[in-house]
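Here come two complexes built around chain A, the first alongside chain B, the second alongside chain C.
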Partner chain A sequence: MDTQSYLPVQPGVGMEENFLSLDDILLSHERLPARTECTFPRLGFLEKTTDSQDITEGTKMELPLWLSKGLYERKRRVLSVELPKVYREGWRTIFKADPNVVDLHKMGPYYYGLGSQMLHFDSPENPEIAQTLLQTFIGRFRRIMDSSQNAYNEDTSVLVEHLDCLEKTLFRSGQSGLNSFQSWEKGQASQLTASSLVLNYRKRKMTDIQP
Partner chain B sequence: MFCEKSIELIRELHRMSDGQLPAFNEDGLRQVLQEMEALYEQNQTDVNAAKAEGRADLIPSIKLRHCCLLRNQRCITAYLYDRLLRIRALRWEYGSVLPPNVRFHMCAEEVQWFGNYKKSLASFMRSLGGGEGLDITQDMKPPKSLYIEVRCLKDHGEFEIDDGTVILLKKNSQHFLPRWKCEQLIRQGVLEHVMS
Partner chain C sequence: MDPSEVEFLAEKEIVKIIPNFSLDKIYLIGGDLGPFNPGLQVDVPVWLALNLKQRQKCRIVPPEWMDVDKLEEMRDLERREDAFTPVPSPYYMELTKLLLNYASDNIPKADEIRTLVKDIWDTRIAKLRLSADSFISQMEAHAKLDNLTLMEINTIRSFLLDSLNCMYKLRSNLQPGSSKGQLTDY
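Let's turn to the complex of A and B:
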């Protein structure tokens, strides 16, 4: 197995975001349904549905997580953030029934990340959300670990397509462990190999030449 | 919505998650900076209005723009930082001389940074091993023997080994060479390690 010298900045754990992590930046771009609780003067152009100059109080908007997080205040009501569908009561029951049947890639793909971030907004349902996140993860983890440790030399796209981003990372590290172990067993671990980065560059060059 | 340009920069890097270095997106970066300038100016006028005329109702808008400024700042910092991580990895994968098609993707400051990184790595390696120096980019996998069998994957020209003999690395030729001499060429995909 190749050792990569490029290690991207890891996403933050739990409710913390890592400032420089690309994954966390993309996660915080996920949109949340929100309602304004005060007027935002001179910003009416952001809201396409009205022609007025201001964003008026009570407008329903889809705001990215980073903006909701920045504007949200506990004391002053500037913004009220609603829960996305997946974290509401109805979906929580489904997750409770069988977490394995849900396509988290379609629902998320940052199901766990966004769910943990939702805990920043004081909602009475927070304890239940946290509990559901944890139980869903526990319920799905066994299957992910099992498939990542045993699918060797196989097309894993079917196994991966229903997974959330966090689960995909887990799956990939399991696979890389499996591959390294197999190559050690075959006595190939000490073979020097070309860097995968170099090989990928060459691949791209080949496609550049073709019209 | 604000900050769409900066997320585009991040997506561009995220798409190439294997560590390849995409071309430096100078145009995108400039657009983000322009947006930030505009946001800053609007905020200045609003802050002045809020102060002079006591218009407290402007404060939410000021805050919103301020969030966007911070967000753009974060995206740009992360973009530049992640590129530096990739450039640093290139030193370990390619060695100290980069192929032109890779260097072409770096901006002037990044080329300069790469040069500085190269220099500090070299002076660190010189200081190791009791003043004799130690190449820490060698032997990434523990060596089993001093000499290894390699096969040439493409024409590379003449190559001099320790004892002064010059060998010709021709496509498909096989050689028995000192391991430390060919490790880098293997990494670059010129040679292939043949295991019996």
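Let's turn to the complex of A and C:
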């Protein structure tokens, strides 16, 4: 049993985000290729490539997800967002062929999260993206399950290397099931141990307490 | 749920013991036990049997199914069938471990039984994984867990539930507009 000092908030995965999830906060900083559809007056200092005062219409730049989500509007076209290349047609074919060969950590590491977030931007390819995300997950499920349920007492870094962040949490929950069963079978579960929280406490020194 | 909690539940199962002391009926909240007479079989829960055994006050009579021939038959059937076969006891794994650890001198061929039960367990876990995979890949919404024991469900529970949660969310992406109404404006 591992006790943690805080319970991490799970990522939202779907189109909504969990405000307090660390994974979702990191996800919102992923950069997306975007193109401005109107002039941004007096914001030229943000764009280092030109000297002009304004960001002109049609400038291509990379914006973080949170900013593009805020600026994107269907009616007033402020900017248009392009798909990152993992979600484009070419990569989708690869995922369809064999989802297991792809290194999602390198491609992501928030492949599923970012993919679901991309559905906020109305692109004609949205249904295909959603379908590919689901099929990729299903295709990779067996391998994650088998590796997480069989790797007992060994180095798992090779196994999790190619996994997306979401898959890593799944892997960890599979491992916790296996580990608790194995420790029960070996009779370790019946021994009482001090909580890891308590072990981490250091004795306070007098000098720390006194101002 | 923790395996030790499952083990706790298993300790409520009834086994037969042969005590070597005499004691009147004892009245407990969970039911009356006894009376205990030397040499006469009596039904008690596992926790009491183990306690008495550790104090060398009784001999444990192994359950009927804890027998090499029966277990071999069961193992072969389990390997032949695609579906889960009925198990002798809903807590077969836990009981085997408890009884063999504390009372192996009362059980004939303890080592063989240990291996056989482990074989049955491994076969069943492999089947469980196979059916979990087909459950996910066919995107089913419900499954019937006939003949599965609590301990078996428990090993895969957290993993399977998390995966189903993720799959549900990825699936709800397929219906555009379903979650757009909840989109909050930051």
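What we mean here is this: the second predicted complex is superposed on the first by the 190 of 211 C-alpha atoms of A that agree within 3 Å, B and C clash if a C-alpha of one lies under 4 Å from a C-alpha of the other, contacts with A are read in each partner's own complex, and residues count from 1 in each chain.
Keep in mind that, in the parts below, a residue touches a chain if its C-beta (ideal position, glycine included) is under 8 Å from a C-beta of that chain, and two chains touch if they have at least 3 such contacts.
This one's a predicted model, so the numbers in the text were calculated from it and none came from an experiment.
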Which of chain B and chain C A:Y201 touches, first, second, both or neither: first
Partner chain in contact with A:V158 - chain B first, chain C second, else both or neither: neither
Which of chain B and chain C A:F40 touches, first, second, both or neither: first
First, second, both or neither for A:L133, with chain B first and chain C second: second
Partner chain(s) touched by A:S190 [first = chain B, second = chain C, both, neither]: both
Chain B versus chain C as contact partner of A:I25, first or second or both or neither: first
Partner chain in contact with A:Y112 - chain B first, chain C second, else both or neither: second
Residues on chain A lying within both footprints (that of chain B and that of chain C): 66, 70, 187, 189-190
Chain A to chain B touching residues, read off their complex: 3-9, 19-23, 25-26, 29, 38-43, 46, 64, 66-67, 70-71, 78, 187-202, 204-205
Touching residues (chain side chain A, partner chain C) in the complex: 1, 12-16, 66, 70, 112, 116, 119-120, 126-127, 130-131, 133-134, 137-138, 141-142, 145-146, 148-149, 166, 169-170, 173-174, 176-178, 180-181, 183-185, 187, 189-190
Residues of chain C that touch chain A when the two form their complex: 2-4, 7, 97, 101, 129, 132-133, 136-137, 139, 151, 154-159, 162-163, 165-167, 169-174, 176, 179-180, 182-184, 186
Sites on chain B touched by chain A in the complex: 1-3, 7, 10-11, 13-14, 17-20, 42, 46, 57-58, 60-61, 63-64, 66-68, 70-71, 74-75, 77-78, 81-82, 85-86, 88-90, 92-94, 99, 101-102, 140-142, 144, 148, 183, 186-189, 192-193, 195
